[in-house]
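Before anything else, here's the structure in question.
Chains: A, B, C and D, in written order; residue numbering restarts at 1 for each.
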Amino acid sequence: MSRELIIEEMKERVFQANLELPRLGLVKLTWGNVSEINRELGVIVIKPSGVSYDAMKVSQMVVTDLEGNLLEKKSLKPSSDLATHVVLYREFTDVQAVVHTHSTNAVMWAQAGYDLKAYGTTHADTFYGSVPCTRTLTKEEVLDNYEENTGKVIVETFNERNIKPLEIPGVLVSGHGPFTWGNTPSKAVENSLILDEVCLMAKETEKINQRVVDIPKFLLDKHYLRKHGKSAYYGQ
Amino acid sequence: MSRELIIEEMKERVFQANLELPRLGLVKLTWGNVSEINRELGVIVIKPSGVSYDAMKVSQMVVTDLEGNLLEKKSLKPSSDLATHVVLYREFTDVQAVVHTHSTNAVMWAQAGYDLKAYGTTHADTFYGSVPCTRTLTKEEVLDNYEENTGKVIVETFNERNIKPLEIPGVLVSGHGPFTWGNTPSKAVENSLILDEVCLMAKETEKINQRVVDIPKFLLDKHYLRKHGKSAYYGQ
Amino acid sequence: MSRELIIEEMKERVFQANLELPRLGLVKLTWGNVSEINRELGVIVIKPSGVSYDAMKVSQMVVTDLEGNLLEKKSLKPSSDLATHVVLYREFTDVQAVVHTHSTNAVMWAQAGYDLKAYGTTHADTFYGSVPCTRTLTKEEVLDNYEENTGKVIVETFNERNIKPLEIPGVLVSGHGPFTWGNTPSKAVENSLILDEVCLMAKETEKINQRVVDIPKFLLDKHYLRKHGKSAYYGQ
Amino acid sequence: MSRELIIEEMKERVFQANLELPRLGLVKLTWGNVSEINRELGVIVIKPSGVSYDAMKVSQMVVTDLEGNLLEKKSLKPSSDLATHVVLYREFTDVQAVVHTHSTNAVMWAQAGYDLKAYGTTHADTFYGSVPCTRTLTKEEVLDNYEENTGKVIVETFNERNIKPLEIPGVLVSGHGPFTWGNTPSKAVENSLILDEVCLMAKETEKINQRVVDIPKFLLDKHYLRKHGKSAYYGQ
């Protein structure tokens, strides 16, 4: 397939995945963005900045190189969070798509500044352990290259805790909100949906039972591994 | 009616009941399944595993015998929770249909690990007492035959407490979520809807009044028995 | 207008008001009923019992006399809550329509067993003071003539507190749910909507500020009286 | 453009912005109003009082002078909150449109009587610091010229705290609800949507983490200033 055609198909997928965000109730106004990478081609496709979902066209998707430099004439400006996506793609080499939202329940947890613990099998089916909440960025990290440093603090969090990005395909950035990722834009969006739902469930679980603890490791393993990896037996 | 026709009609009912789950907001993605049994025919019909509700066809409903063995060539794989359904049908002999969901409010209670008490008449109209929460499965029960053991722990819970399955047509599996049942797939789905709503009501009732207690037995009796049994006078 | 025509129009209004309940999210399944009275004609029109809103027809509305005796041949059975409506009409002589629902937020308060205090002007625009929660019915009141006694305990509550029914057009029945009323079926439904919304607001207000108190009497007066009575100046 | 034509366009914008309120879930029944001012023309256009959104027509929008006196024959009565809008336009001279709602989450905060703190970047993207809650009005302020005094207590709050109205384009009136504003009716409505969403997020954040504090000033600055002012780089 030609480079042009591959990029056209990336634009279409990124466009559709962006539209899915308000449809799923994960994004109000313009508060979200989806991107996809093709490392062989050296190309990232991402939503333009601040364009309303109603008016957005597939042709407006922004094409950049792997450092986030614009590749097309007459391009719109990319999402202001592009630099975060670039860092995630550089460091998380098995991630092909990234989503950022301000979905209500995930933002609540991010604002609370706590990790999201695995209180049940709904969580374990997708996230193989707690979804981490990053530390707060320092003043220096915010003043210069804020969006890049947001990516770096996510990577730092995953490295320090020795988490594989595809085993826990999402993060809560403290005081800000969620990022999720996956093999495809639609899978990364699905992970945003699940993260938001699991945040809601965990929040209310803690209110019903203030002493609730994580499910046991063997139950976490069972549910995660029946859906992922070699021994998976869920689905067709 | 011929065996083939009966099975066709079971497939149609199971298909429609499965579609009802996302319509009622009880299921996101593929997180639910409905089955129906015909004991005379020795047949269970259940949703295929991991098939999206949008793409699902009536012909894809999976037909098994009463032990869960596939009965049709070219069959899709059945829901991974089939073994739980099989145990429930074997032990709860007056149950004709089973539903499993990850509906938001019922999962919260299941994750909290508490029985759902009868705080009002909305509960009493359908559930004749607390909806029990099972104990957590042991490591051994999770490692081998997890889905079958999920069924067994539900049955154990009902036996220990001496509950008749049709008098409390639902359960919370600790750390996991709800199962409900009924005489028909549509009745079992209705019970899932009611269980989720009653979980929501109970959760918030406890927040408004932290010392709330169950309604008195005579009010529970009144509401349950005006809708069920010989002296029922609700409906046409 | 002929007696027949007046009753036809009552049926149409009661039918439309019943349909409005699920549309407004106040009723799931068959959990609600609306009635209207015409005292000159000696007629009450009410929803039939347990008929689904999808299948319900205007011709199925049930016509009774002021004691709740059926007046039409081939009538369906009336709502099982008819006896409650009958008592309210007998004792609250300026009420023309009654609504009962199990709307989520009002049920939470009724289950909690607390009066709904006036924490803001949204409440004061419709309810001229706390919406009372009844006492729990005694065993005797539940065993015999339960629905009639539900009406009586509502009336007892309003009499003891010296509340005029049209000034606080709703009540929470302890452990059960809300009844509301008004001059017309559509106004009574509107009051159900407002009661549910105000229950939601009050519940969350108490969580944000656990020491919140009622708004001052002068603000309650201002908002209630700018919408009701001789000095009202809201609306056209 | 002729005076007539300018007013026609104002009516159309005000009408559309009013319709947007129930569409966005910010208004039930008739509980909201939007207005726009043209200071050169000496004209305010506002929603009529108590007219249902379903029946409302663009021609029914009410035109007044800058003191709120009706300018058109056969005019409907203006929103009862007009006097509040008039004060806000007089004192907040860079505001072109005002919105009042009883949106659920903002009312909860207003009833709680607390300022809405900036717990995250979703807040900081629109509100440059805490959204203030006014003091409660005195008895005298409520008895005479209540709506005008509502405007005055908003202005007092902003003056005392030295807040620029366009930097924090909204307020919570204690025991009542939110007002927001902006350069255009649609922007003012957008600010109502954001205020309600941020109220929801903050409320739940406080429940997850009872010791949560405001985000640091440098993060507030970063997010607010990347969307507003000379150094903004968000959007096209």
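Methods note: a contact is a pair of C-beta atoms (placed from the backbone, for glycine too) under 8 Å apart; a residue touches a chain by one contact, two chains touch by 3 or more.
Just so you know, these numbers come straight off a predicted model, no measurement behind them.
Asker: If you average the CA coordinates per chain, which chain's centre is most distant from that of subunit B?
Answerer: D
Asker: Is the contact between copies subunit B and subunit C built from the same residues on both sides or from different ones, judged by whether over half of the numbers are shared?
Answerer: Here the answer is different, because the shared fraction of interface numbers falls below one half.
Asker: To the nearest 5 degrees, please report the angle of the rotation taking subunit A's Cα atoms onto subunit B.
Answerer: It works out to 90 degrees.
Asker: From the C-alpha centre of subunit A to that of subunit D, how far is it in Å?
Answerer: Taking the mean C-alpha position of each chain, the two centres sit 33 Å apart.
Asker: So how far apart, in whole Å, are subunit B and subunit D when each is placed at the average of its C-alpha atoms?
Answerer: 47
Asker: For subunit B, give me the residues that contact two or more of the other chains.
Answerer: Expected reply: 207.
Asker: Going by the touch rule stated at the top, which chains touch which?
Answerer: A-B, A-D, B-C, C-D
Asker: In their shared complex, at which residues does subunit D touch subunit C?
Answerer: 28-29, 31, 48-51, 76-77, 80, 102, 104-105, 107-114, 136-137, 139, 142-143, 146, 175-177, 203, 206-207
Asker: Once bound in the complex, which stretches of subunit B touch subunit C?
Answerer: Answer in residue numbers: 119-122, 190, 193-194, 197, 200-202, 204-205, 207-209, 212, 215-216, 218-219, 222, 226, 233-236.
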